[in-house]
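If you scroll down you'll find the structure; I have some questions about it.
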């Protein structure tokens, strides 16, 4: 059944800001929101061009009065409605996340916000405070944690299946910046070409924060120090496209990260290998439905999504049975589903405890911002070990 | 944008019969229908138990007046409405497909129907006639043809990339019947245990028809003769769980099929390898985002979904870019999307031509029923070569 | 240490007939024979051209007096020597295996002979008798049984890890006959183009016998009946390049085989999947160092060569430890090693029992010949079920 | 034919020092030496225990007078012989490589020596000088460069297939030190537990030097700077088992290395990925017969050993045709084969030029020693960037 309809008699009312026609992430959010039928998309602001924004909303089936032209209009008119939105999904350029989140908090709507959380660490810290003070439900879309086997991996660590964590190896290898394509795109450059919109690092803001969060999510350990080499490997490039990072976890475990968007012909290449005293696991996003598990003195296992032995937290993230692969949208949708659970529970006066919340939070987002800053600082100081702890 | 809203100003109104709570296929249809936001599910009949049927509909958010208790009620009350459904999705047991489809044709609604088409060949032939005479849009859910790389495979054959087709090897290996579990399930046996509900063969009706259609879809050739060995490999079983089939295609190509639901520990195991005079392709549903292509004197290629060189027909079946895997739901949703295109076009007075229709049709379904009968007949006659052509 | 030197104070003296310079199989035998240092190659007859034969022997380091020009010379002069060869390896065209083996038996040398055993079933049966009557050590080089994981697979079946065997699926897919290359090779055609040299079937004699033996070796069951479709899929070809076979094992298990040398771009493609009541195993020669094992309700395992849990018989077939791959030569060499063990033991008056013999025997070879004949007969009679039992 | 016999009328006479019964590497050397029949093993010193040394030699078939008890005896008696050895293979503990090599140079024998070259950088530099001054043929067994596809990778870089090299990622992940097993092995500890025998780093000496050489071999670039984190991840361990290294190549390319022997359940895990401006290649030792190649805008290729398009240098390293896998021994044997070519050519008065030498040399060994020292120094100074250039 539909747990939200059961609990509150209707779907949640969802607003979206950013993610207009032609954007990659906008369509992802919309499909994810529809997947489990817990949300009705009722209000939009889809483009910085007011006319385009309105037209795009209408073309998606939004009624004319809620296909807003500007963010101001959305915030004002929605908050005046009886049937105002319950939650706002924010997928605008990075530098606007902070201000838009603050305004959403004021309206007492829940927030689903793209990463990185902010472009400045101070903003991130302030946002954590505001979210906590206001008791806002805030989902930071580190969407790879929505994969069932990623959750299973976390459970394996929590349950001691791997023993003590000794090492971690993380890669995120994309290829869309393998050439100096930006030299040709002078007409209408993408906002990611502008440091002030992106934040201190393109490659780390875009994908490094995913790598960082995935590490923390699965190991349950904070990344406490980094020794980083961040820069551009493609000659002529003015922003960074590569980061090699040596890391130390809270418990003393060591690791390396290899993060790039300049891998010629690379597919996507997010993968993580976590080495414990009793065994090792390895997961690749490109083959998200399986995880390699090497217990120290037993045969290697290929753990399959929905196969024998799934932990309950992983089971809950699965929709279709063994053998029928699930993938990117389904994982993204799990964050929407989990957020719906949290909003619904709060509406019913039984808010979820921290332990029950499966989706990444504003604190996770802020720690990602700290990681980006620490890697840049380390690099600027000649790749010295740099503290990356953020206590929020 | 949403092409259906653009074309007709609203989403298509969808009804569902069968596929209630707890059913595997019901949830698949619903997620597929939502994926691209082209349908609004407005009417349901979800269980043979009238009370359960109504409650289940309401729990999915269907308004009380359209959460029907019985099929009769659905057909009667919907057809009386101004805003009656445009299309009915049928996912009841096999033996009801024929009658329900006939009634739907009478109402002039489009049909999305699960396979096998019918349990009797005569019914299948009659249904083809009725669908054609009435100009009904009929989608038979051979859902594996919704995978982008399956469509790419078909285009490769059509474009001569493989040269003449010489051989084909098809496997469909599931594991849920590896034990004699039915011996324990005497209380409330699944309808698939009853031949009269299933049709002449469990294993062929369930998955053999998929293997058969996939072969025809990719090669563009009919399966004209079969030499089959169909039976039960699990001792004590009263229905079939295995089929080994030697086949001949229309153009003289030879092939084998290995189809079973009794493969201990098997995941899903639908795969096909098509050998041509210039190269060979191989696709596995379990790793649906890649296809192995071995041109005769060039290095082996791993063709990736949305990678370089996709044919347009494959491109159109892709939602999210390279590196972000898509899977089962997305493939299934492609049949819904393609059906929406056909319905919308017809509503606008510009019906799609046969060539423009991507989804499997009633003819495809009927040919599957003929294949099942031919395999059973071959087996009964001592595995002799048996004609499996159906000219409809 | 070197067990042969330890046991008899010297290496075994090896002769070779056939397999001259430029032949694929000759070099394979020589490397295999050297691998474990149990043999000294001391006598050769390497070509049907007497002069070439002698020169080739000398170029390999054979002394001039034992680099023979003809088979007659080899048999005559070697048997006159005090230090005559202990064992003769036969790798001439198929139609000579029988006569050469008979002559070798007369000399009381051991035999290592390529497959197929003979081109005629009567010869095969007679050879079995002669070998047994004379107590000759005879190794038929079904070399794929030399892979450690193939032996592990057999042990898993023997030990009941898979339960009762229900189904088997075997493939052998090569590509060198994907084109009608023989049309261009009229000058100096390969002997495999001549039926009288090859026997009843090229594709079955060459690789079908491997598939047949591998099935028997792992399952421990005879193939008792076949229903076969053998023929040429490449237009214009006068010999067969494809065989689809439905099979029945002794215990009632069912299976299919897909055997071809006309798979465009195919690599080698020998693989087998054995389905039991408790689990399934799958092995591919191209990734010989791993085997997939799916126990019925536990996670899938990737069993690695020399990984945890190897059975002793598999362990004995391993030279280098975990992580350092072994491959084709090492597997082939295991047959040489096992044959050396048998010869050495016999020399020491402690011949190995049937149970202790790991290498394929003359009986295995004869059963392969029967299989080829049964498949051809089945095809000629319209793919009817045909008995393939040979009791020798 | 056998090129050595053809060129000099006999096989090369090989001596071995170290690598006695039960040693992993001894048997590897012996099988490698036999593979192509270019060497006759005629003299041995196999153990530091004189009696064991002699007995072991005899058990391998060495004549009693050349199964030496001590190194002194070997050097003395061999050099007195007319038929003295042509080449000495050294596989003793690391700290003896220098002295034994110096003595071998004095005897004017060629050398095949295990890595790391020496335990002290000064010794390495001195050895390079001595080898060059004496014109000694010296093969340092960085055996992974013997794999055909590794050579193909180097050729691809040389031929510009990848364009400019931008990044490199190298891993070497073994598992035998995943537990504190040394705590149990107090009786008869392995020499690798003693820093004075091993050199500055266990993990880098053992496998880091392989990773370093493979990087240089394929990219054709020196590793000019390192920023390293070397240490023990297993609590209680007194030697290092992990190294994370950020690197800079000569041409400015950036990279990371992840090197460990403490990966629980790890198989072997040597792999390298080289990213160029036009494409990327990736090779794993565990599946040595294939290499992934992603040209920047064409489909991903799986380059197979002996498949279409092999460069001649790779072809020369292949023994058996496509589809018949080769592996560890064959790769190791390629170093022996290439060394035989060099020795034979020199004997014939036509020494190979530097360009014609395929095997790793003493310079390569010395650069490995420098890399180890640079990584240790970097770590001791807090992971600062440290020069790793050695001009020899």
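Odds and ends about this structure:
Chains here go by letter, A, B, C and D, matching the order in which they are written, and residues are numbered from 1 within each.
Criterion: a contact is a pair of C-beta atoms (placed from the backbone, for glycine too) under 8 Å apart; a residue touches a chain by one contact, two chains touch by 3 or more.
Here the structure is a predicted model, which is why all the values come from computation and not from measurement.
The chains in contact with chain C as well as with chain D are A, B. Seen from the Cα centre of chain A, the chain whose own Cα centre is farthest off is C. Chain D has its Cα centroid 56 Å from the Cα centroid of chain B. Taking the mean of the C-alpha atoms as each chain's centre, chain A and chain D sit 44 Å apart. Inter-chain spacing, taken between the CA centroids of chain A and chain B, is 35 Å.
Residue positions of chain B touching 2 or more other chains: 266-267, 293, 297, 300, 304, 307. Residues of chain D touching chain C in their complex: 1-2, 5-6, 11, 21, 24, 27-28, 30-31, 34-37, 56, 59-61, 174, 266-269, 285-289, 304, 307, 319-330.
Of all residues in chain B, those touching chain D in their complex are 292-293, 297-304, 307-309.
Note for the complex: chain C touches chain B at residues 162-164, 166-167, 169, 171, 175, 178-179, 227, 229, 231, 233-235, 242, 244, 246, 253-258, 260, 262-267, 275-280, 293-297, 300, 382-385.
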